[in-house]
Amino acid sequence: MSLYIKYFSIHLKSQMQFKSSFFFTTLGQFLVAFVTLLSINFMFARFDSVGGFTHEEVLLCFAIIMSAFSISELIARGFDQFPNLIGNGGFDRALVRPRNVIFQVLASQMDFSRLGRLLQAILVFIYVIPSSSIDWTLPRVITLALMIICGGLLFFGLQVLYAALSFFTLEGLEFMNLLTHGAQEHGRLPFSVYGDGILKFLTFIVPLALIQYYPLLFLLGREEAGIFHGIAPVMSLLFLLPCYACFKLGLKKYQSTGS
Amino acid sequence: MITLQNITKTFKVSKRQAGFANAFKALFSREYELIHALHNVSFTVNDGEMVGYIGPNGAGKSTTIKIMCGILTPDDGDCSINGRTPWRQRIAHVRDIGVVFGQRSQLWWDVPVIDSFELIRDIYKTPQTVYSKNLKELTEILELGEILKTPARSLSLGQRMRCEIVASLLHNPKILFLDEPTIGLDAVSKIAVRQFIKQLNVERKTTVILTTHDMQDIEALTERIILIGRGQVLLDGSLAELKSRANTDGDNAEEAVAALYKELKI
Amino acid sequence: MKPFAALFRIRFTNSLQYRAAALAGLVTQFGWGLMTILGFAAFYRENPTGFPMTFQQTVAYIWMQQAFMALLFIWFWENSIFESIESGGVAYDLVRPMDVYGRWFTTISANRIARTVLRAVPLLVIALILPVAFRLVLPSSFITVVLFIISLILSLSVVVAFSMLIYISTFYTMNSKGIRIVVGIAADFLMGSYIPIPFFPDTLRTMIEFSPFGAMKNTPLLIFSGYLTGADLVQSMLLQIFWLLFMLLAGRFFMSRALKRVVVQGG
């Protein structure tokens, strides 16, 4: 942990060397989140609800998925840049150091400009939490925290998976964007909105709905939602196991082919 | 001690041909060819030795270094370094080695060098006393004083290379692998780096394995040369042996090696 | 036309080599488009009368946007141009026997088209054979197709001419990062990349339609989907021509001024 803090401070120092660049990329992140927010508001100027969710409920959902995503990229972005890391020898360097490889890779990049997105999410939280009709009991607060934390971990797992795949091919990985950026972008609406097929896929294959749709039902106090929905985010963490296994497999392949 | 026995390594690479039609064809099928990077490579390096590992591009130098560092697993053969097999006991093994990849930096680009050193200290869990002693000694020898406060990106190549070497030595490795440490350096920096490597080998008894294309490095530094070509060890001996083998007039190591490459068709 | 053809060929051949990349790009753009359509479908089920366009038109808009993404998004910058201006390497461009504005314009267009061709065709084929609700429906008349193609070319030109202004501004600011990010996001939003312009609130919508942003992807996509017809169509296309000429002239003007400065300062 203390080593992580060292990495963190080195990245912070590095990025603060270029203050104007940091400022603009952060602003950019804020703007991207902001135009998404505008789009939501434009749509709700025409419609009262979507798939049984009101404007405020959608905003809550938007802020949750946005926080989870930006936190994961803020504290660990190394896997996102993984093909570069292989290309520039950074990964070989990690292999000749006596520390866990996954840890070294994840700490090798941190993107503080994601603060821009996080800020947008926080502003939305500030607006929507008091104005929504949710009764913020302790279990609900815990569920909200779980959604963000486990969501961050799940996005991190997807990054590890992306890295694992890039051991095998460097050119065909664009589709992973669908599961990371796409999930973040389209996750502004509860996943049930996209129909049964998508919801099943996001429940059983890539369990993003476990950190979004099901616990959201619990937050909103829907009848069908029990405590099981509230702790769904924890179950989503099972997904990290296959991600880890794939990475191990990829690493083995890398060590036998060197590319 | 380093022992390699019959290390063999083959890669499969896809062929890529130029031209529009071929690019289109490659959409549907691809041909592969096998590259025999290493074939029955064997040698032994004793503690405290300094060895120059030379050969033309693509001869298998980097592959050997990667295997000895534990990055790559060979197809066949044994390798034992201080009693360990690098790729099986990688983490334990890398604690005892230092690696400098001449063309790649291990320093964090935008922060002062000293910050990188401290992070590396924490990565290796080097005790503070050992770290301070090493840092003090090494910066004195290499005259790095003020440079440590500068971000790596603003250093000259020579200054950076010296810092890279220090970074690889802070944890007291028994073996140091230097992959083209003088590449791109000006004359003054080259000499400084060479002196330092020599001193390191003599005073600290660090085993040094060095790859280079610069024969002056070899002349200045190593008693022993291992020449590799087409994945095989072609010569293992002194510089004098190499020169006599090459049948050239004069005493120029550069020409001797060139003649030898030609003669051996590598 | 010759240098254009050569550039296009190199780019296209290059991208052919990466079959997995092409397939992955196709899957991504298809998936992204499908999710967007499913999202709109959910709103449509809620209240069909809230839709400014028919659902079929919306679907066509989204598929065409996905297919022509690399052609019409501002976001695909040529980083090499920014770099050559910021580093002063642009001085080398001045010694070549071709005017710089024309050369950059050609390079950018060629790259955008090469990127699009390989990806657009398979995506459109898939979109044409989807289940009826999400299927891309072709325009009913041949004239609409012709108008669409003309408008698409105008649209690409407007996008490139607009981005040229941003590249040229780098001569004056010498730091492109901020403007590249802010303008990129704002322009893509205003031209209807997040939600089509007809879904915007009315006042804003009218303003955008008369602005350069209305002359970008909005016009060809709405023509293709059959939303834009008659007098509105003519007006939109005239606006495209107007903005194209305006930005070409402005671009050339600022470019020649900037280049004089480069020459005077010796790069």
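In this document, chain identifiers A, B and C correspond to the written order of the chains, with residue numbering beginning at 1 in each.
The rule is short, and it goes like this: a contact is a pair of C-beta atoms (placed from the backbone, for glycine too) under 8 Å apart; a residue touches a chain by one contact, two chains touch by 3 or more.
None of these values were measured; they are calculated from a predicted model.
Comparing the centres of all chains, each the average of its CA atoms, the largest separation from chain C belongs to B. A simple rule picks the central chain: find each chain's mean C-alpha point, then take the one closest to the mean of all protein C-alpha atoms, which gives A. The centroid of the Cα atoms in chain A and the matching centroid in chain B are 40 Å apart. Centre-to-centre separation between chain B and chain C, using Cα means, comes to 49 Å. With centres taken as mean Cα positions, chain C sits 29 Å from chain A. Residue positions of chain B with contacts to 2 or more other chains are absent. By the touch criterion stated above, chain C contacts chain A in their complex at residues 18, 20-21, 23-25, 27-28, 31-32, 35-36, 38-39, 42-43, 45-47, 50-52, 175, 177-178, 181-182, 184-186, 189, 194-195, 199-201. Chain contact summary for the complex, chain B toward chain A: residues 11-12, 63, 66, 69-73, 75, 87, 90-92, 94-95, 97, 99, 101, 103-104, 106, 108-111, 115-116, 118-119, 122-125, 151. Per the touch definition, chain A reaches chain B in the complex via residues 2-3, 6-7, 10, 13-15, 17-18, 88-90, 92-93, 95-99, 104, 255-259.
The touching residues of chain A, counted against chain C in their complex, run 20-21, 23-25, 27-28, 31-32, 35-36, 38-39, 42-43, 45-51, 169, 171-175, 177-178, 182, 186, 189, 193-195, 198.
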